[in-house]
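You will see chain A twice below: alongside chain B first, and alongside chain C after that.
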Partner chain A sequence: MIDFRLPSLGADMDAGTLLEWKIKPGDTVKRGDIIAIVDTAKAAVEVEIWQDGTVFELLAEPGTRLAVGELMANLLEPGEQPGAQPGAQPSSAARPASRVPPTTPVPPAADGAVKPGAPPVSTGMQAPGPRKAASPAARRRARECQVDIEQLTGTGPHGAVTIDDVERAAARAKSTREIGKEAGDRQLAMRQAIASAMARSKREIPHYYLFETISMRRAVDWLAEENARRPITTRLLLSALQLRAVALALRQFPDLNGFWQDGAFVPAAGIHIGVAIALRQGGLIAPALRDADKKGLDELMQALADLVKRTRAGSLKSSEMSDPSVTVTNLGDQGVEAVFGVIYPPQVALIGFGRVVERPWAEQGALRAAPVVTASLAADHRASDGHRGARFLAALRELLQKPEDL
Partner chain B sequence: MKRSYREALRGALRAALAGDPRVFMMGEDIGRYGGTYAVTKGLLDEFGAERIRDTPLSELGFVGAGIGAALGGMRPIVEIMTVNFSLLALDQIVNTAALYHHMSGGQFSVPLVIRVATGAGRQVAAQHSHSFENWYAHIPGIKVLAPATVEDARGMLAAALADPDPVVMFEHVQLYNLEDECPDLVEVDIVSAKVRRPGSQLSLITYGGSLPKTLVAAERLATLGIDAEVIDLRVLRPLDAPTVLASVRKCRRAVVIDECWRSGSLAAEIVALIVENAFYDLDAPPARVCSEEVPIPYAKHLEDAVLPQPEKIVDAALSLFGEPPP
Partner chain C sequence: MTEQALRELVMSILKSIAPEVEEGELVAGKALRDQVDLDSMDWLNFLVAIHERSAVDIPESDYARLATLDDIVTYLVRKTR
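Let's look at the complex of A and B:
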């Protein structure tokens, strides 16, 4: 039996609302299939499954708010027979979904042997600490009011959280929410999500900053030439070139591509570049361009265009939301020369590009006007040192001098 | 008119004897002596020895005789001097009275009423002071009543006699002198629990002899800012679960007060009922105030120490509230 739990779709996510199931009991699913749509503070996200199996039972109803790590569905592993539970056969019509605590024992397999539960699908963090003492009534009301019990101070016997504590907290949250009512709850929620992630970053991550002004003459010339040969639809943007260069440079510097977790650096399995995309209604999302180093320029350009389009339409996939291993922000189109970013935890680095500007540029003893860009690196000093960061920026600079090789 | 619990019981017995020739009484010392607790005083003179029958010290025998009379069409009221002695008659009550309707396929009913004095507090020592209401409330086939007010003392007997099945009625010995306003004729049901004091923050659930103590505790709690509701179960089998649960769902906290010993008590059953049905409404774990698990002592100070008392109820109630919010 596979337990499907709500994955963390970003470091700043601790709950989401199930909007829609894309599966029903009896369906066969493959790794990578979209099985549900979950609304996070930032967007409606298509949630993927990472194991093959057959849907056995849906345990959450659309409209329900779920904590990250909460059990959403059970699936049978390929070849597994459903346990002898009356009325729980996968062939039966969708039963009224009921909430089941995550400690629900795994039903025995047909041969009587109990199979160990599959590990949770979530890539996010979810080790639950000791449970906060709270009365059953308080827990139920907290779920209804979307109040996080763990954040409350209990006034009940032995410091247990009571229903009054929850209602007071809900009233406080409501008055805060109402302030932002005009701007819309979504924007407010996103603002809060960004606030929470950025505050955590500045609280926890000792940033160091480096920057390097890079001549873009060759890159700009090459791009103009290349684009002149191309139909409009397949023309490349300079930002695709920059992303490609970042991806290739990161191959040499795996200590900038990964996560700081539980007091240690964990390298990422692939180079999934989070691209900071501003939303028209305000706020921003940094979904992942997965395996950016394995995509050629054309493919990367296509993927980037697709990602921007889908981000603004609010139809991202869960893997894109959850697993950027590094972030690139490009404020060049805002007309500024340089940006020093705040790292998105638990990532350990953020690369920023400013506007490409013409500046006097000395090269081989001659001074001339050249298009240049300021590339910056904000990195986590726990995971890497300035020396490594400097070498990374140097590598990036060199890559951008040979655009034809990108 | 103000009358005592004892007088209310006697009034109910007189009315039953006068109103139905099938009604008669049996028990130890109920006739010439006038009843151990003087409930039946004067009834022998009024209704004669045929209908007010003194029995030998033989609970098994006279309860059995009562069952036979009930099967034969009479409406016997059997008095057992104390619940400790009712254990001698358990076989007749549990294996015969409670089963006949079932085992005869519905052909026979046993319209028998058994009145039992119960409880402690009168310094009559361990063999005359215990509370075994929970033993009887465990048995399908009998109804178990616990009149805790003068009104119920007056009204429950008629309803019990009208019931086609055996009814065991527990009269707490501490209640006999209780006085209250009560009209001469009252009609009460033997189905429901009753709210004796409405409240909003805490359900105090009790029955029988613990009701007056619980009401005292509720008043003390009110002075401490806690608004307690007091539920009198009245009927111990079958339990009026909806009334109990409605109160707990409203107040979110519950203390059950029961003079039985805690282990396996009726209080345990009530707590289980609450947890099974109102778990998500609870704002604190349910608590119990029961008798200490020793034979009821003879010495006054020890007897008082062993029994549920208003102070113990107040303490248990306060333990369900934490510090007030800052």
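Let's look at the complex of A and C:
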């Protein structure tokens, strides 16, 4: 029997509301199939399954709020015979301790839509016990956020409640209140999610910053020539070229592509570049362009266009939300020359591009005007040092000098 | 297509990409990308949609001539004539 649990939806999302099932008991599913839609503060996420199997039992009702890691369904492995009747095994036994408290399940509305007004709950509750160990700062933050500190599970030393625990609980309670409400409230929930992730980043990650001004003469000329040959429907953007260069450079620097977890760096299995995409109504999402280094320039351009379109439409896949291993932000369209980013935890690096501008450029003793771009690296000093970061930017610069090889 | 029809086409495509745009608030002679928040992906999608619905080919070397709403309409009028 396969336990299917709600997968991670990114570091700043620890719960979602089940909107609908795309499967029913008896259905055969293949790895990568969309099996459910789960709503979060950022998007309606299409949840993919990562194993083949046959659906045995659905364990969550649409309208229910689920914590990441919570059991959603049981599936039979290919060839497996059902050994028990549905419901024979008490499914609650398999539920993780972080289960959202029983007040949460919202009775689905008759039409299956999510009912607004789910009671605001602080998740991760435990039975009230002796006074919790917590720092004065955490207690103060709890009062500000109206979070009951006694109800929290501490992740600090000896189970002490940390500021992080408080803010996560506050964000959860906040997003619970927001789910199912107006779009304006959704924005508020997104703001809260961004606030929580970025505050954690600046509190925990010792950032170092490097930048390099890179001549884009060859890249710009090559792109103009290439696009002149192409119909408008297959033209390339400079940002696709830059993403391709970043993906190839990261192959040589696996220590910038991964996660800081439990006090150590864990390299990522693939180069899944989180692309920061601004939303028209405000806020941003950085979903993953998966296996970016394995996609050729054309494929990467198509994948980027598709990702931007689906992000703006609010329809992303769980794999895109859960596992970006590094982030690229491009603020060139907004007209700034450089951006020094805030790393999205638990990632360890963020690469930023500014606008391509014409500047006097000296090369081989001659001075002429050249289009240049400022590429920056914000990296986690726990995971890498400036020396490595500098070599990464140099590799990126060299790759952008040979656009025809990208 | 008449100039008016082309203008309406361009506006409807623009609104599909940037729904917050109100035609009355656009200054027709001022650069579009200074008035509407269009990044390079939006801009490409905008031009692709114009190409698909007017059958006008827009080489990249012409992008610079398409700054304002008036520029775009004039360009399309000339190309569809």
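Some points to look at:
By our rule, the second predicted complex is superposed on the first by the 307 of 406 C-alpha atoms of A that agree within 3 Å, B and C clash if a C-alpha of one lies under 4 Å from a C-alpha of the other, contacts with A are read in each partner's own complex, and residues count from 1 in each chain.
As a working rule, a contact is a pair of C-beta atoms (placed from the backbone, for glycine too) under 8 Å apart; a residue touches a chain by one contact, two chains touch by 3 or more.
Quick caveat, the model's predicted, so the values are computed rather than measured.
When the shared chain is aligned, no partner comes close enough to touch A:Ser325: not chain B, not chain C. Residue contacts after overlaying the shared chain place A:Ser8 against neither chain B nor chain C. Of the two partner chains, neither chain B nor chain C is touched by A:Thr54.
Of the two partner chains, neither chain B nor chain C is touched by A:Asn257. Looking at the shared chain after the overlay, A:Asp165 reaches chain B, while chain C stays out of its contact range.
Look at A:Arg140: by the touch rule set out above, it reaches chain B but stays clear of chain C. Once the two complexes are laid over each other on the shared chain, residue contacts for A:Gly156 go to chain B alone; chain C is not touched. Judged by the document's definition of touching, no chain A residue lies at the interface with chain B and also at the interface with chain C. Those residues of chain A lying in contact with chain B across their complex are 135-140, 154-160, 162-165, 168. Taken together, the chain C residues at the contact with chain A in this complex read 18-20, 37-41, 44-45, 47-48, 51-52, 57-61.
Within the complex formed with chain A, the residues of chain B that make contact are 252, 279-285, 319-325. On the side of chain A, the complex with chain C involves touching residues 224, 227-228, 231-233, 235, 237-239, 278, 280, 304-305, 308-309, 332-334.
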